[in-house]
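What follows is a set of notes on a single structure, which appears directly below.
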Amino acid sequence: MEYLASAGMLIGIYIILAASYNLIIGYGGLNTIAHPIFFALGAYTAALLGIGTTLPSVVCVLAGIGVAVVASVALAVTTLRIEGDYLLIASLGFQLGLLQLVNNFEFTGGPAGLSNIPVTITGPGRGWLYLLICAVLAVVVVWLIWRAMAGPFGRAVRAMRDDELACAALGRSLFTMKIVIFAFGCGAAGLAGGLYAYYFQYISPEQFNVAQSATILTMVVLGGIGTTWGPLVGAFVLVALPQAITFMQLPTSLVGPLQGIIFTVLVILFLFLRPYGLVGKREAGVAH
Amino acid sequence: MGEILRIENLCKQFGGIVVADDISLTLDAGEIVGLIGPNGAGKTSLFNLISGVVQPDSGRIFLQGRPLEGPLHRRARAGVVRTWQHMRLFRSMTVIENMLVATREYPGESMLRSMFATASVRRAEAEARARAMDLLARMGLTQTADNIVVDLPFGQQKLIGLARALMNDGRCLLLDEPMAGVEGSNYETMQRIVRDEASAGRAVCVVEHNVSFIKDLCTHAVFMAQGKILQRGSVDELTRSRELTELYFGTVDASVDA
Amino acid sequence: MTDPVILLQILWTGIAMSSYFVLFTVAFALTLKVEKLWNFAQAGLMGIAFYTMFYTLNAAHWPPWLGVTAAVVLTAAVSIAVEVWAIAVLRRRHSSGLIFFIFTLIFSQLVAFVLTLMFGTEPETIFPSVMSPVRIVGGVAVSDWDLQAVGVTLVLLALLYGLIRYTRDGQFMLAVADNDKLAEIYGISAKRAYLLSGIVAAVLICAGIYLYGTRAGVTPDVPIGLTLTAVIATLVGGLGRIFSAAIAAVGLALLQSFSILFIPAKWQALLLYFVLFFALVLFPRGIPVWRIGRPKPLAPMPVTQAGE
């Protein structure tokens, strides 16, 4: 039963990650691959505060969100003149560079990570209570993103995607729109990190590297870039599918790479055969 | 009424090409000034300099007495709005959506406010929508409000481009070849609207290649070549000048050039 | 006061170790120049090349020349396959930069996962031993590996230079790099240029990973890090300038080597990320100092279209 709650938690966390990444690259059109680093910042902040202080867990998670938001704004401001392909590289460099830092510092636990994150909820229904909280938060995040994009803000963002120059010449501040999207998206990733740290009680740098970027990316591409339901479908499929593999009773050393192979093959297949994803429609001009 | 836009000694050079050579110009309320000249004269560049697409090397611009500076979006919010040679409509959006993204104030467009729509946001949206529909009504295009812009015929798209710019409600209107490719009733509508806006106290500047367009619409004209203003005056005066004719009109009958 | 011999040793060893870095960088820079593609799939090619050589030479004991040839052939074949079946398709669709990036990165990830499945995550080297005979020259230890590394790199760079300057195909690659549509009008096949640059890149990558893998252990996720360093050197060297990217690679390798005098080893990798970040932030459109000597472009956009 705990196992189902675990899987549910993972789906919830990945829904938050995929929906927020979709907001950033699908709706915002921002070129970044560094989403996991904000996931990591949220997780590590919450974990370190949880381990080192007596602050309540909610505060620690909020702090995690705060750190992720501040870092995202700092990154956005420094890279504001960088465009297109360069920005992708800058974000990759930022992610791997920060992970190197985490790897090298003592207080972050180095490569071994942090494994003594305190328990917050105890008792037989622990798993289900966590799952409930996570599910509610996932729904809230998805709903907020949907409302933002369905409203005047979303309209302005679509105009920006269609023609940046014309949009700016009509009085819209492109930078403000982009930074707001980025900050919200990264803050949500930070929230996912806090949830992850407290539930699984173990985090390490290798959980946040390029493989994680690829996973989240797969969910967004598979579900459908720039759609509301896409990230949910993608998160569900890509958490449920690998679980199916574990039922095959393979040796653990094979499970990881096999899951990875399935992810990457799925992305590639979808990129070529169905670039609009499972949920998206053929003419959606958001990304192809 | 009075002076809306004043340009003082504007200079700009790209590499070896001088696109603006000590340009000084004023636009007053109620005027419709035609900007004419051969290709490469610097007409659109002047619009780019005024609207903020490009920053000048030297010189200043004043809007209603106050310096006009900063990036594009700030100038648009100050009330300087332009249209584009290639329209630049938002292709995936409807007519009404195109227009709603053109208002000068946009309280609802904050991410937070879109998430938690307050009464004030809803009110602003309703007001903007009403204004947009009024503009469309003046053009006889209310039925197109919910069409995707690019599905409309070319002439109507150009009118929508103008309508979108008018949503800004700014005092300075810069129109880049608004009538190129527009004919018949759309042409008359465009003329009427531009004249109405000028009478309402806006300063309008129009770049056009077709001299008969300029004759029909403008109060007076300015002739540019190689980044310099060569002559100002009524359109008739300019077309009668022999040097200008050689420079630009050549042997081409003015009404054919489009 | 540091002993000048130590400095010389660091210099020599740094130069020798920059060899594979140079090869990876040139492969990346060449593809970027000719195809305008940030080809992260090259990490996958590195993995394929390495494990082919590892399997044939370390496990199956083939003669070295055969194993290396097999690796080159296989890597080149995969490079061509990726170009024809994937990149060309995305190019036809006018896909965005993000899509190309996603594909090439995911492709390399896929290769990494497959290799993990086949070979596990233990570090492996191409030959059972990474030791090679060492001689002392003027107080500096010079190993056979060092000489081989520098030699192979110089020869390959010379061959590449010859290819570009003196052969028709090389000239065609440059033409396509400059303006592929114009080149097509003159009857130059862009497709052929892309395939050629892919094959050349494959050769350089094989040589590079051979050198790396005969000196240090490789795991399936090492190549992505190596590709990122090639990216950094390419950016610092200036886009479109293959040989200055090579020099940048040597420079960065030496920077890393000499940094050992000032910072602990574990921070060396971070140094390169800092360089990357500063290079991009200070020069968001590429380092301008390298544009000296390039032919000036024609006057930018006709005036009537400025800003449109």
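Couple of notes before you dig in:
In this document, chain identifiers A, B and C correspond to the written order of the chains, with residue numbering beginning at 1 in each.
Keep this in mind: contacts are C-beta pairs under 8 Å (C-beta built on N, C-alpha and C of every residue); 3 or more make two chains touch, one makes a residue touch a chain.
What you are looking at is a predicted structure, and each value in this text was computed from that prediction instead of being measured.
Centrality by C-alpha centroid: the chain sitting nearest the overall protein C-alpha mean is A.
When every chain is reduced to the mean of its CA atoms, the largest separation from chain B belongs to C. Centres computed as Cα averages put chain A at a distance of 43 Å from chain B.
Chain C has its Cα centroid 50 Å from the Cα centroid of chain B.
Rounded to whole angstrom units, the spacing between the C-alpha centres of chain A and chain C is 31.
Across the assembly, chain B contributes 53, 84 as residues in contact with two or more other chains.
Counting partner chains per residue, chain A has residues 165 touching two or more of them. Multi-chain contact residues, meaning those touching two or more other chains, occur in chain C at positions 307. Only residues 51-53, 71-73, 76-77, 81-82, 84, 88-93, 97-98, 100-104, 106, 108-111, 113-117, 121, 125, 164-165, 168 of chain B touch chain A when the two sit together in their complex. Listing the residues of chain A that touch chain C in their complex gives 25, 31, 33, 78-79, 81-86, 88-90, 92-94, 96-97, 100-101, 103-104, 165, 210-211, 213-214, 217-218, 221, 253-254, 256-258, 260-261, 264-265, 267-268, 271-272, 275, 287-288. Per the touch definition, chain C reaches chain A in the complex via residues 38, 86, 89-90, 93, 95-99, 101-103, 105-107, 109-110, 112-114, 116-117, 120, 221, 224-225, 228, 231-232, 235, 266-267, 269-270, 273-274, 276-277, 280-281, 284-285, 307.
Put simply, chain A touches chain B in their complex at residues 144, 147-156, 158-159, 161-163, 165-174, 180-181, 184, 285.
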